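Heads up, the next two complexes both have chain A, just with different partners, chain B and then chain C.
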Partner chain A sequence: MKRVPLLTTVMGKPWLWSFLAALLIWIATIAFTGGQGAGSLLSGSLSFSAFFVIVGIGQMFVITTGPGNIDLSIPANIALSGAIGMKLMDGQPGLIWLGVVGVLGAGMLIGCANYALIRVLRIPPIIATLSASFLLQSMAIAYGRSIRIQPPEMFYQFCTGNIWGVPFLAISVVLLAVIMGYVLTRSIYGRWTIAIGQNARAAELAGGHVNLIRFATYVLSAVFASLCGLLLAGFSGGASLSMGEEYLLASIAVVVIGGTSVAGGFSNVPGIWGAALFLYLLVSMLNTFGASAGVRLILTGLIIIAVITAVSGRKSARTA
Partner chain B sequence: MNASTSLPLKGAAVKSSGLNYARLLRSALPGVSLAVLLITIFIMQPRAMSYMGMNLMLNLAVPIALATVAQMLIITVNDLDLSLGSFISFVACVAATLLDQHPVLGCLVLLGCIAVYALLGALIHIRNLPSIVVTLGMSFVWMGAAVLLLPAPGGSAPEWLQSLVRIKTPLLPFAIIVCVVLAIAVHVFLMRSTLGVVLRGAGGNPLAIAKAGWSLLRIKITMYALAGTFGVFAGLFLVGLTTSADASIALRYTLLSIAGVILGGGEFVGGRVSPTGAVLGALTLVLAGSLLSFMRISPDWQIGAQGAILIFVLALRMSVNRLEARPL
Partner chain C sequence: MKIRPLRCLFLSSALLLSPFMQVQADTADKTIALSNNYAGNSWRQNMLGSWKQTTDDAVKKGVIASADAFTTGENQATEQAAQIQNLILQGYSAIVINAASPTALNGAVKQACDAGIIVVSFDGIVTEPCAYRISMDFKQSGLDQMDYLAKRFPNGANILEIRGLAGVSVDEQIHSGIVAGAQKYPNLKIVGSVNGNWSQTAAQKAVAGILPSLPNIDALVTQGDDGYGAAQAFMSAGRPTPTIIFGNREEELSWWKKQKDANGYESFSISSAPSISSLAFWVAQQLLDGKQMPHDLLSPAVSVTQDSLEPALKGLEKGGIVSQVYSVDDVATLTSPSAH
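Presenting the complex of A and B:
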């Protein structure tokens, strides 16, 4: 009898579904290949999902602060940060710290610039981050024009290596996700972020520093995107201009599939991992089935729409 | 709109001149920024002030203007279309393959596209879905369909389409005429007609429109179908100019069209949009690129210049809004 409430609380978690879906797809893929490459598939998906998760967490915090809040500068940020990181490291192991510090600093500056546009010039966040991304993109083109610089060997090892099949990167990002999950649900900052998303006016009247919280959120998102850019450059052996392109859609998609409400105020971190694994495994499943790139894209799109339709059906009682 | 004009009648007659002045200034902003940009270009490169020069500069602006109008229609009902760029790419691929080889089938597919847009409008309204996510999903779908249709860049646009977009009109280049006609036609429909008022009302005050007996579902379907139609026009015009297509030919149109609408004085919520402003905004974004090449600044900074102009115009608009808030 005691199990029933536990079961309902677990079933009530919105992030559970993304993990279930990811698991189902993994099983389907393995069943198709007859058990071949099950481990390497899992290892690969952990690596690739880690990048989705990093940007997804930042995007999630931004989306949490309410409707209209979204960070469109992520792809340009990734491209620029990757270039900055590789240039600062200059392929020397002794300069890794400089690259990391430089990229995190760049991320902070980008976040500050984004929020300055939103706050000082009163530009809607979508347009503010969009115009910022135009500027960043140009900077990335102009700055990253020179020859491709290889990441230092040690940094490359960290980004691509693994221990018993579990990538270092995935371990770090799981840790990061745990910390950010704690920040979202337990810290004062996270609580205020959620409160602002549910009702900004009420949060302000309750004594919340709405502007400060939103400022911190945009900086956080930009720093995470920069970090993703740096790791991605290390992972793929150098920065490239187009490496951030798919991350705009992906960052929004993992947040939504993970069970976070697009209207803000209701978020969760674990779902992002589930959704990222789900998206990557889906693509590799369709690959193993021999589907062409076009079919893969179409199915990905249809699944995103199906997920949002199903999720909104459950929540319609609240919004109505 | 009506509410703000009736405001002075209630007694604050002194404020009305300041209020109207600020509003006039704000609605003139898109036109003024375009004029300043054009004059700068003409001063830097007087040869641009010719039939040929204008034609060259503005030719590729027409598809962007059409895309901006499509985006504006969606923004009117408080939604956002993140799939517009990939949709236009798909239309371009259809035009370069099916429409050329099997005209009837091609036309059917294009009509089907508009029907899909209408269905999306219905789905978003009935299930009360966030349009950003649904159109995000659709952007994958259109991209996938385009890749299936045209795996590698190529194809060729139908002859009639190519000659249609290259019409040489007397006095003014075809591109300018199309833009002017587009702006006026959409303005008359959306801002002056009864139906247009109802359609905008669905963005401004949906409850009032529903209480007045209009079906919000049908309004959403109409707006999405119209947006789809303009998207199809944009794709056709684009492929007529480029003569061949590629699955990612118009991806950047998504962001450009949103920027154009906002640059033209539109707002994300409340059904406040301006068709003429949207067309002017699109032209401004396109010319920002040209200005840079006339200034011999490396093309690296072309996208950046569009961002800078966007920020600059919005900063100007904010100061005008401040003027409105303090009419003294």
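Presenting the complex of A and C:
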């Protein structure tokens, strides 16, 4: 068959599926509107996907370290960090550095706290990070009472601006993804992360500092979530308590749709970008078609199942 | 018929005295609990704040012995049902509920009624007949938005609708008001509809996603906590800002004020007041006092117009929502839906 060469290329790169799905959906939307708004749809999807990608990368590293590892504190972390960032910046351009430093510091503390619960108190990650999220959400409520402090104009411009239709934010996050992709596949830390995910015992016997690597990974995830909270607050003109809500499931969904194994040990960074674009464009397409909320949710579920099946179909094809 | 003079005397004196007896007298030793399912947005924060303000004052004045607020962690009906069962065991005289589900708590609510506890639900109401329900006329608030737009755009307009959380009854009700308005004014055309989930960031995202495919938009109808996010989406897409109906949030009104001062921007704002919790408290207190009331009550919506914008903003704290403080006298003015 003529298709076979293409098929084998796709089989070899699981992340191509998510980009393919995103492209098909974009074309379907454009076809529906008769070409109107093609560029701005793409520009918007790059902006919103960037946030998914930031948290997705952090979550992916956590998931990579093996079964049971997951960070559920991301939504509360985003809400808290957004509030901290906006409060520290206080709308003044001269204080942007303080907001950034403060938020990154908060992220590191949150990551340390998460791992302390997991390691010192021996609580399973799913429970540890979930209970941490209650603490963080309460702190966000108490701390962020005077919410909606406007971000400094310069920071707002960075978060919402674009060059030839390509958002600054998307450019930065693509760079971040390239760096993290390199870290995952080329650096010692990344390779140990993958090794631990495939077999923690074997990695330990081979001389890997399993606990240290996991510690670093939870801190990484928390810092990325904090960064996302800060940028999101800048993007939407201020922090709000509910702004992290959708990132719990989305952070896991982009990782899985992107072709990373939920069981850990097999991961890739580019797929997260494809999956984030795919999710955003999917909802936009169904909105554009005028589908009602019920139909939209059903179709979203079905299409995600189809894409995940396609991704895992590659694995069975490889083992067969 | 045998007349008993002593009994007659007691009865008539009681009837004569009753109007002069203070509300405090009969409920001073009673306790009321608030069972709340969610606290994670500004409306709920304001709602809890209003409850605290009213009940602290009532406790200090000896109207009631205590009025504690309890919020569940996970916004789940099962968790709230267990919480209500706990409150029954703790022996509260009345339970005021903002419910996670209109039906899933009915079992626990029935248990409370059977234990002689008065149950008042508000905002998120329960359908169990023994409970009382205080809700805003959400359908009317949807219709009010369309009425305003019909006056603003006599020659017709393209309208984008931002809905709330899919599957929640409040969203259905406001939407039905919007639909009724679109039928009433055929030249107001609803050209798109998205779910903003009552969250500025979710609304911003949903609007940004559908905007490229839409023609020129003249106006937005909303459900509250989504107008500011929608405005952000229009700005970053570089499209002219439409007339956005707001939901009484401070950031929305501040933004409106800024636009009004800069270019004469005109709009309208309507939402339910979070102080409905204090109204629910007074209803519960009055019921404990033995007052008879219909089981379904309507609370009025609060709206802000072009002229009342400045007074509404004055004294409104950052992150707050336009509200009004209810007193015990407001209970008497409540209407039931049938009388409406």
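Basically, the second predicted complex is superposed on the first by the 294 of 320 C-alpha atoms of A that agree within 3 Å, B and C clash if a C-alpha of one lies under 4 Å from a C-alpha of the other, contacts with A are read in each partner's own complex, and residues count from 1 in each chain.
Just so it is clear, contacts are C-beta pairs under 8 Å (C-beta built on N, C-alpha and C of every residue); 3 or more make two chains touch, one makes a residue touch a chain.
These numbers come from a predicted model, not from an experiment.
**Student:** Following superposition onto chain A, is the placement of chain B relative to chain C best described as a clash or a fit?
**Tutor:** These partners clash in the superposed model.
**Student:** Just to be sure I read the superposition right, which of the two partners does A:Val53 touch: chain B = first, chain C = second, or both, or neither?
**Tutor:** In the superposition, A:Val53 contacts neither chain B nor chain C.
**Student:** Quick check for you: in the superposed arrangement, does A:Ile141 touch first (chain B), second (chain C), both or neither?
**Tutor:** Both partners, chain B and chain C.
**Student:** Would you check which partner chain A:Thr288 touches, where first means chain B only, second means chain C only, and both and neither mean what they say?
**Tutor:** In the superposition, A:Thr288 contacts chain C only.
**Student:** Applying the document's definition of touch, where does A:Leu41 land relative to chain B and chain C: first, second, both, or neither?
**Tutor:** A:Leu41: touches chain C, not chain B.
**Student:** Based on the superposed arrangement, let me know which partner A:Ala83 touches: chain B (first), chain C (second), both, or neither?
**Tutor:** A:Ala83 sits against neither chain B nor chain C.
**Student:** Between chain B (first) and chain C (second), which does A:Thr300 come into contact with in this model arrangement: first, second, both, or neither?
**Tutor:** first
**Student:** Contact-wise, after the overlay, does A:Ala203 reach chain B, chain C, both or neither (first, second, both, neither)?
**Tutor:** In the superposition, A:Ala203 touches no partner, neither chain B nor chain C.
**Student:** Where does A:Ala132 make contact in the superposed view: on chain B (first), on chain C (second), on both, or on neither?
**Tutor:** first
**Student:** So chain A touches chain B in one structure and chain C in the other; where do those two contact lists coincide?
**Tutor:** The answer is residues 134, 137, 141, 145, 293-294, 296-297 of chain A.
**Student:** Taking the touch rule as given, give the residues of chain B at its contact with chain A in the complex, in rising order.
**Tutor:** Residues 80, 82, 123, 127-130, 132-134, 136-149, 151, 255, 258-259, 262, 267-269, 298, 300-308, 310-311, 314-315, 318, 321.
**Student:** Please give the residue numbers of chain A that touch chain C in the complex, ascending.
**Tutor:** It comes out as residues 29, 32-33, 36-41, 44-45, 47-48, 134, 137, 141, 144-149, 160, 232, 236-238, 240-243, 245-246, 280, 283-284, 287-288, 290, 293-294, 296-297.
**Student:** Could you list, by residue number, the parts of chain A that touch chain B in their complex?
**Tutor:** Counting only chain A, the residues touching chain B are 68, 70, 72, 117, 121-124, 126-127, 130-135, 137-139, 141-142, 145, 249, 252-253, 256, 262-263, 292-305, 308-309, 312-313, 316, 319-320.
**Student:** Residues of chain C touching chain A in their complex?
**Tutor:** 39-42, 45, 73, 163, 166-167, 192-195, 197-202, 204-206, 208-214, 228-229, 232, 235-237, 250-251, 317-319
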